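Note that subunit A is present in both complexes that follow, paired respectively with subunit B and with subunit C.
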Partner chain A sequence: MGAEWTATLMLCGIYSMTAIATQLGMMCGAFSLAPIGWMAIGAYAAALGATRWMVGGFEALLIALAVAALLGPVVMLPVRRISGLYFALVSLAFVLVIQSVVSHLEYTGGALGIFGVPLDTDLPVVVAALVLSAAAAAFLSSGRRGRALRAAGQDAIVAQAMGVDVFRLQLAVGAVGAVIAAASGFLYAGYIGYVDPTQFGFSLVVQIIVMVIVGGRGSWVGAIIGACFITMLPLVLRPLAEWRDVFNGALLIAVVLLLPGGLVEMAKLTLRRARPAPAAALRPSLANEESR
Partner chain B sequence: MLLEASSLRRTFGGLVAVDDVSFGVGQGEILGMVGANGSGKTTCLNMLTRLLPASGGAMRIDGRDYGRTPPHQLIRQGIARTFQNLRLFKDLTVRENITLGCQARHRESEAALRRRVDALIEMGDLQRQQDLLPASLPYGTQRIVEIARALAAEPRLVFLDEPFAGMSSEEARGICDLLLGLRRKTGMALVIVDHNVEVLTGIAERLVALAEGRLVAEGQAAAVLSDPTVIRSYVGADV
Partner chain C sequence: MTNLILQQCLNGLVLACNYTLFALGLSVIWGVLKVLNLAHAEMFTFGALAAVFAGQAGGFPLPVVFAIAVVTGGVLALIVDTIAFWPLRMKSLSVEDFELSSLITSLGASTILVSLAARWTNNQAVSMPPGVFTVEAWRFGPLVLTNVQVIVSIAALLLTAVTWWVVRHSQFGRALRGLAYSTDMAKVVGIRTETLYRATLFACGALAATAGLLLTILMGSVDAHSGANLMLKAIAIIVLAGSGSILGLLVGAVILGLGETVGTLFLPNVIQSALPFLVILVVLLARPSGLFGRSEAVRT
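For the complex of A and B:
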């Protein structure tokens, strides 16, 4: 396999993890963009661990994951009072605050960032991390938990009337999502070798949203498909590389209008055509199939 | 008394939606709640199921105050409800919707839950629709699914918010038969809010009537429906 494909596959895995973290929030009715902030924290933990704290990569990773696990639910707290787009904006503020803080602190390298992060991330490590993240997402979205998660995402009031502790579920998802996203950031820093504030700004937020929507809302499988699709696209469409944000926006509009269920829905329709089944009985996403 | 509501009050800013409403529901009793649009019926139900905090008053089940209990814990105390507008989970199948109704009350294995849900599916004659999504079902069947979901937790008290809305008389009678059969079998109490007075009087043993947020009549159906205040609240003038 060529170096370019290996690098692309590693990025696919890393972005898939961030997309899974974002998707989990959407699945339980908390449209949180905070995972991009947690990705930044994971990446800076890798950089600071190697250049300032002088600790091994594993210790730096543990610190990042512990902070994410503890503070992930805290960032999710506003969902008790606000929801939908308003909550998304609050979580976006978290991302922008993280970006602003690291770009102003000398300790974190300011606007220039930190160079010299050891290039420890390789494909097997990324694959293993992605498998673990997918397993966590599958665990959360299957059986009793999965029903509660999807119910909370669809109608929090009715879910509560059915005995689902929606808020606690959202806090748990906040913790799991933060840990997955922090790990993805840690891997990203070890892949690219440096961190700077521009890597974790609004452009990445848009990119992750596009991945989740294009892949298919309500499905962690869709998050992986969307992340791989968007990451690989520049390889196929090199001339559009400078227009990435414009292209992402256009793709987002096209998918929302033409394929609301995302690529995962398209895959399901293809499977349905290949294997005829009672049409009405089929569900809208593959994730739902998996949760059975 | 199984349920006691005392001096319930709810305000939205300066608007008093429910004011000083008190009533009780006995074990296994079927209570009908009537009133014109905006009379405060659904607000009462939302308060009694803790989805809406009360501005004042008290609510007790088996004599224990539950006015500060979080809504998701009510199902474990045997209180379930349906909603005015159909609110089935659209991405969950009929079976999953019903399973969700019982999984919080019955902490048991998936296999045990499946057996429990099988019985409810049979009761609602939903065998052929159990793996379908709610949107693909006729309105009346969706209502049955919603009721089955509320009953899945084997509640002692069920609040039904306009269960007969949009149904033909025949469908409404079918739901009544289903509810009466279940009441006989389980001894649960029902509080039914509906505009279909004819159907409601056929199933409810007692009525309470609300007008402009206040309880204006309570008692046997004939007495409540002939009460001048109730008539005035419905037709807007003395008859």
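For the complex of A and C:
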């Protein structure tokens, strides 16, 4: 496997984690972009740990994760009062406040950022972190807890009427998502070797949204598929790299209009079609659904 | 020092007039179509770019340049609608689904357009050629006011006033508010909803393009990201205003405009650049319906 592919796979894993964190929020009815902010915090923790605090990588990671676990739910708090797009705006404001703070503080290197982050991230570490993140997401979205989560995402009021503590669930998702995203940011800094404010701005927000939507809303598998798809595509189709933004935008519109379930939904449909015919005949309602 | 503060106040108010003009279209689209149209910024950019390139081609008098900008903005808004919003309207989604989906498609449209604009301008800032508009500075005691500032402010305020009158008092505006309240009821009473949607989008695109032209004349240059930078400020203004209040838009724009000019004298850099976002955060947390908004449920 060439070095280029190893690098791409690492990036896939890192973005997958951020996408999972964002996905979890969307699943429970809190469309939060805060994970991109947490990714920035994780990355800056790695950089500051190596250059200012003079602690080992592991200690810096622990600090970042602890902060994320404690403050992740706090950033999620506004969801109690505001919902939908307004909440997405608040979380976007959180991301941009962090970006503009790090780009103006002397301590974080200002607009230039911090160079000389040790390149400690390698593929096994990324894979391990991704597996852990996916396990956490799977744990949250399975069984009774998972049904409660999806119910909260579909209709918070009905979910509450059914006895789901929607708010508590959202806070838990806030904590888990923040921790996963901070870890991904930490790995990202160790992968790329430096941090600067432009890495974690609006364009990354767009990128992550594209990944989540293209992969498929509503399941962490979709987040991973979307992240890998979007990260690898420019590598597979060279000419596309130049037109990346145009292509991303077109893809975003196309998926929302034509394939609201994303790539996951498409895979599921293909699998169903591939099934032997009698099974389909037994379930006519399903066939109807497909023909729509 | 006092003079400096006064001068910056003046500059801030001029900026605020433009912000209002830009936020106005965004607010109307949000109210009527229930779309937070992130591509609105690109009507601004493309309107301004079209005007600049028309000016550079030379030979056009200012009114023609202005008309080119307006038509570009309006037509672009219609194109974006056809690609990104109209198919979603046809799908009869739930309100939440529609808001999220249209936000995402508008994000897609915006990404495409910014990238195209960057290619069009080779990632450079382009500026209005000097022949199109001559700048004169007038002195009022210690204060300086340019003819550009005066024209820009008056034009922006006038257009805002016209929009307010149209929405509040004309037959068109009544239909619009009915549409904002309920699409189905609007259809029942015989409003051609699709025509009205398109007309609204064209008008709002034209408003954004006008803001683009005016701000380009004021600032001297425009680049592919000018609109996007303004977008966050506009969202902050709308959030601050609460939906459906044009007075609120004015107040919100003045707060941000002054924050940007007078603020440079007092606020540390960190707060200065984060101001729009801090405004969004604080207002949404303290008063989700905005300073001038009515209750959350009714949004017209």
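Methods note: the second predicted complex is superposed on the first by the 274 of 292 C-alpha atoms of A that agree within 3 Å, B and C clash if a C-alpha of one lies under 4 Å from a C-alpha of the other, contacts with A are read in each partner's own complex, and residues count from 1 in each chain.
Operating definition for what follows: a contact is a pair of C-beta atoms (placed from the backbone, for glycine too) under 8 Å apart; a residue touches a chain by one contact, two chains touch by 3 or more.
These numbers come from a predicted model, not from an experiment.
Participant: Touch check for A:Glu59: first (subunit B), second (subunit C), both, or neither?
Facilitator: After superposing on A, A:Glu59 lies clear of both subunit B and subunit C.
Participant: Determine, under the contact definition given at the top, whether A:Val246 touches first (subunit B), second (subunit C), both, or neither.
Facilitator: Once the two structures are laid over each other on A, A:Val246 reaches subunit C alone.
Participant: Where does A:Ile213 make contact in the superposed view: on subunit B (first), on subunit C (second), on both, or on neither?
Facilitator: So A:Ile213 only meets subunit C here.
Participant: Just subunit B (first), just subunit C (second), both, or neither: which does A:Ile82 touch?
Facilitator: second
Participant: Between subunit B and subunit C, which one contacts more residues of subunit A in the superposed model?
Facilitator: So, of the two partners, C touches more residues of subunit A.
Participant: Examine A:Asp165 and indicate which partner it touches, taking first as subunit B and second as subunit C; both and neither are also allowed.
Facilitator: Only subunit B is touched by A:Asp165; subunit C is not.
Participant: Of the two partner chains, subunit B (first) and subunit C (second), which one does A:Asp122 touch, if any: first, second, both, or neither?
Facilitator: neither
Participant: Subunit B touches which residues of subunit A in the complex?
Facilitator: It comes out as residues 143-144, 147-148, 150-151, 154-155, 157-166, 218, 280-281, 283-285, 288.
Participant: Within the complex, which stretch of subunit B touches subunit A?
Facilitator: 49, 51, 70-76, 80-81, 83, 87, 89-93, 96, 99-101, 103-105, 110, 113, 131-133, 136, 149, 153
Participant: Which residues of subunit A touch subunit C once you look at their complex with the stated criterion?
Facilitator: Its residues touching subunit C are 31, 78, 81-82, 84-86, 88-90, 92-94, 96-97, 100-101, 103-105, 202, 206, 209, 213, 243, 245-246, 248-253, 256-257, 260.
Participant: Which positions of subunit C touch subunit A when the two form their complex?
Facilitator: 36, 83-84, 87-88, 96, 99-101, 103-105, 107-116, 228, 232, 235, 239, 269-270, 273-274, 277-278, 280-281, 284-285, 288
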